[in-house]
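After the structure tokens below, expect a handful of questions from me.
Note that the chains take the letters A, B and C in the order they are written out, and that residue 1 is the start of every chain.
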Amino acid sequence: MKPGVLLSREARLGYLLLAPALLVIALVALYPLGYTLWLSFQQKIIKLPWLHQGWVGLANYRELLAADRFWQALAHTVMFTVVSVSLELALGLLAALAIHRTRILTGLTRAAVLLPWAIPTVVAAVMWLFLINPAFGLIPMGLRLLGLPEAWQVLLAHPASAWAVIIATDVWKNTPFITLMLLAGLQVIPEDLYEAAGMDGASRWQVFRHITLPLLTPAILVALIFRTAQAFMVFGHIYTLTGGGPGTATETLAFLNYQAILNDMRFGYGAALSVVIFLGSLAFALFYLYTMGLQIKEEPRP
Amino acid sequence: MGEIVITGLNKTYPNGVVALQDFDLAVADGEFLVLVGPSGCGKSTVLRCVAGLERPTSGTITVGGRVVNDLPPQERDLAMVFQTYALYPHMTVFENLAFSLKMRRRSQEEIRGAVASVAEKLGLGQHLHKKPRELSGGERQRVALGRAIVRAPQAFLMDEPLSNLDAALRVQMRIELLKLQRELQATVLYVTHDQTEALTMGDRVAVLHSGRLQQVAPPREIYDRPANRFVAGFIGSPAMNFITARITRGENGLFLDFGGQTLSLPTDYLQKRPGLKPYQQKNLIAGLRPEHFIPASEAKTAAPGILKIRVEVVETVGPVNYVHFSLPDPQSGRDRTPFVAALDPSVPATPAQDLEVAIDPDRIHFFDPETGTTTPY
Amino acid sequence: MRRSGVPVYIITGLFILLSFFPFFWTLLSSYKPGPQLFQINPPFWPQPFTWENYRAIFLERRFYLNIINSVVVAGATTCICVGLGALAAYGLARLKFRGKTIILGFILVVSLFPPVAIVSPLFLLWEKTRIINTYLALILPYLTFALPLTVWLLTAFFRQIPFELEEAARMDGAGPLRTFWEVTLPLAAPGIFTTAILTFIYCWNEFLFALAFTTNDASRTIPVAIVMFSGYHTVPWGQILAAVTVVTVPVAVLVLVLQRRIISGLTAGALKG
């Protein structure tokens, strides 16, 4: 008898089952990605067909790294990611703790938590655009009541207030997601731990600091990683709310990349920018894998 | 019904853990054989190898005379009862019972007949349309059994099927299961970690430890003549007491020295147990079962077989008291060895009290101190 | 039992209010006639109540085409992903073979890569093959984020099914395929359904690919269509709000009805991994 015949049969079935999905991923993701890499060494400007089109080596990268607009977009992206994710985490934690405590995770609360998450980003942005409309929006109306100067009420006209609107929209849309993740994390903390801590004489803050927070860390980490990855690729808000303006004050990497490709029709240059963004995301994803390493280890079978 | 023969079974996991070594076992046609051992001893691996759910590293398994090594589980014609019952939660009791027949493409009438008769036998008649989650633990257990017997397989494999029931129900199901097995004349390979279950249920009991078979024998023999120290310690509750001892021949006869005390042995002791002769004047391990101690006052033999002890703790369990004490045992590596004696509650025993207990020398077990095997009788 | 103070109720209430209010205001405003909409201090209730905006988006803008586009693209992507994903996830969750961890890691990396990174080659390819403005031009790129998501979620769901049930089926005489069909699939059905909902929502919400690979009103999906309502000089707010309401109400109903499932999917994918 040959040992391991069944095992190899099982392995063969396993590869067979995975093959279609992996093939599709390779075809729709890896092949274009390779194409992007190749394009990034080309000059390909559809609007200017009379220019040299073809291999230009590292010229696109050199141009990119010398462009202030690129560094500015990078700074914007990092700023947006850090600020909005921190705010979402803080507010999400607060909301999760409150909802968990009140135990009114009823249909209404759940729907309130899910609805902003479930609608398209740009739909949320459009709604906010309506709310901040300088002429008839509710928010400028509120600002008027607070007596702020007229000029401040055109929120999208100033870089700082434009960013505030972008971040507010993102926070409004994504805090619920974090709240949900953290609520799920809170619900798996056994109640008797709190009771034991209470018996041990811990104050509310001590209970939070020494019981809730450490046990919630995995959930916080997962929510953070997902949101950070998403925020880094922010595009829809920018496109809908500000179009990168005023000027280039709210351009992010993904937005700049989109502009380079579909506005300027500079496919080679755009591809170089894509490669840079991709490498950044890859580094982040590998960091994520490293963090999550323990969780995706194959679970032992009984 | 068919017999199960396992020869030369070895199982090493990819991570290098050796689960089974040179395992041989034959379950006769119609026999109820219990495979017992502590958790992690490899008993479930045996069962899963026979079932075809796991692949042995080497060895041969036959069921009803047919080598099944290369057959997938569904072609081995064996039924298995799982510890968790593994009832299909999305099917009714009827569908659970009928599933194996449906897989075998039996006719609707035949399925209905077979399920009805099994349901009647197990008292499940009024539950056929319920889902498993609507049943009590005992009822689920019955469905699991019913699912196994409905198609009359070559043999049954049972993996701790009673361990999820509460104590009272477990005792009741033990008896029901045995009745059922006798009625069906079923071949059963039953795995458990519970030595009581093993003794009460098995026609024969196989004791497994660290992937190696220790002894296969009828329950009485396992209890009376354990093959080695492991079996002796594992079978019986509370466990057998062990202590280093020495048989010495003095001027006035034969003695057993242990725990700083001297028990006199009958003069013909070595004639009755010739296997002990080579061990005279040497250390060996004596094993004394708690239930074999009696109060000194009731000892029928002459006075010398008496042990003077100081009571440390008394546990009351109803029919008997477990009297804990300890004896000096320098050879064991610790100062004193704990002992338990199961004494009748009428014997007054309180902590710190001095007490005299006796033990019938014929009921003392001896083990080789090096190998741990029982000295020949 | 811990005491619940008033502040936690206030926070919870505020949270719900803030989440719902923009929807509510949008809904109300979409029924307001134009002049009222553009008033400096708009009235709370529509006076009079009008369906004009809805009539306009459906009859003049043919918004239903965009809805159909979104449904077809998201639906087709979901079907493909769940089909392929279920097979792959079953292998990953149940079978023993080398390289599983690497494959799971690879799938995760793909799910985190920036969509914008493949816009430029795909645009060139779609131009060359003339599939711009077709469903295929969106379904193919949607697979890049949707397929890893379904594989990941379904793997988590398959792992939740007790392995013993499948072993029991094998002992009962079912082969591997029969076991999958009779036992695994029915038990995984809720998980598969949840995965399908989530995948659908993610495709439904996609914006970048939809913006890049459609060039005319008739082939746009809902999010792009709504953004494109605005002309250079005028913004038809009433119609935009009506369209937002039209696409939000079904989502709200979906979310209300399926909230438990959606949450179980979100947490299964993220927390259990």
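One rule holds in what follows: contacts are C-beta pairs under 8 Å (C-beta built on N, C-alpha and C of every residue); 3 or more make two chains touch, one makes a residue touch a chain.
All of these numbers come straight from a predicted model, not from anything done at the bench.
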Q. Just how many steps, at minimum, does a route from chain A to chain C need if it may pass only between touching chains?
A. 1
Q) What chain lies farthest away from chain A once each centre is taken as the mean of the Cα atoms? A) B
**Q.** Geometric centre distance via CA averages, chain C-chain A, whole Å
**A.** 16
**Q.** Length of the line joining the C-alpha centres of chain B and chain C, rounded to whole Å
**A.** 57
Q) Hey, how far is the Cα centre of chain A from the one of chain B, in Å? A) 59
Q: Would you pick out the residues of chain A that each touch at least 2 other chains?
A: 7
Q: Could you check chain C for residues that touch two or more other chains and list them?
A: 164, 176
Q) Which chain B residues touch at least two other chains? A) none
Q) Contact residues on chain A for chain C in the complex? A) 7, 10-11, 13-18, 20-22, 24-25, 28-29, 32-33, 35-36, 39, 44, 94-95, 97-99, 101-104, 107-116, 118-124, 126-128, 130-131, 133, 135-136, 138, 141, 172, 176-177, 179-181, 184-185, 194, 198, 218-219, 222-223, 226, 229, 232-233, 235-236, 239-240, 254, 257-258, 261-262, 267, 270-271, 274-275, 277-278, 281-282, 284-286, 288-289, 292, 295-299, 301-302
Q: Spell out the residues on chain C that touch chain A in their complex, using ranges where they run on.
A: 2, 4, 7-9, 11-12, 15-16, 18-20, 22-23, 25-26, 29, 37-42, 80, 84-85, 87-88, 90-92, 95-98, 100-101, 103-105, 107-110, 112-125, 140-141, 143-144, 147-148, 151, 159, 163-164, 176, 201, 204-208, 211-212, 222-224, 226-227, 237, 240-241, 244, 247-248, 251-252, 254-256, 259-260, 262-263, 266-267, 270-273
Q: Name, in rising order, each residue of chain B that touches chain C in their complex.
A: 51-53, 72-74, 78-80, 82, 84, 86-90, 99-100, 103-104, 147, 151, 157
Q | Residues on chain C engaged by chain B in the complex (per definition of touch) | A | 162, 164-165, 167-176, 178, 182-183, 186-187
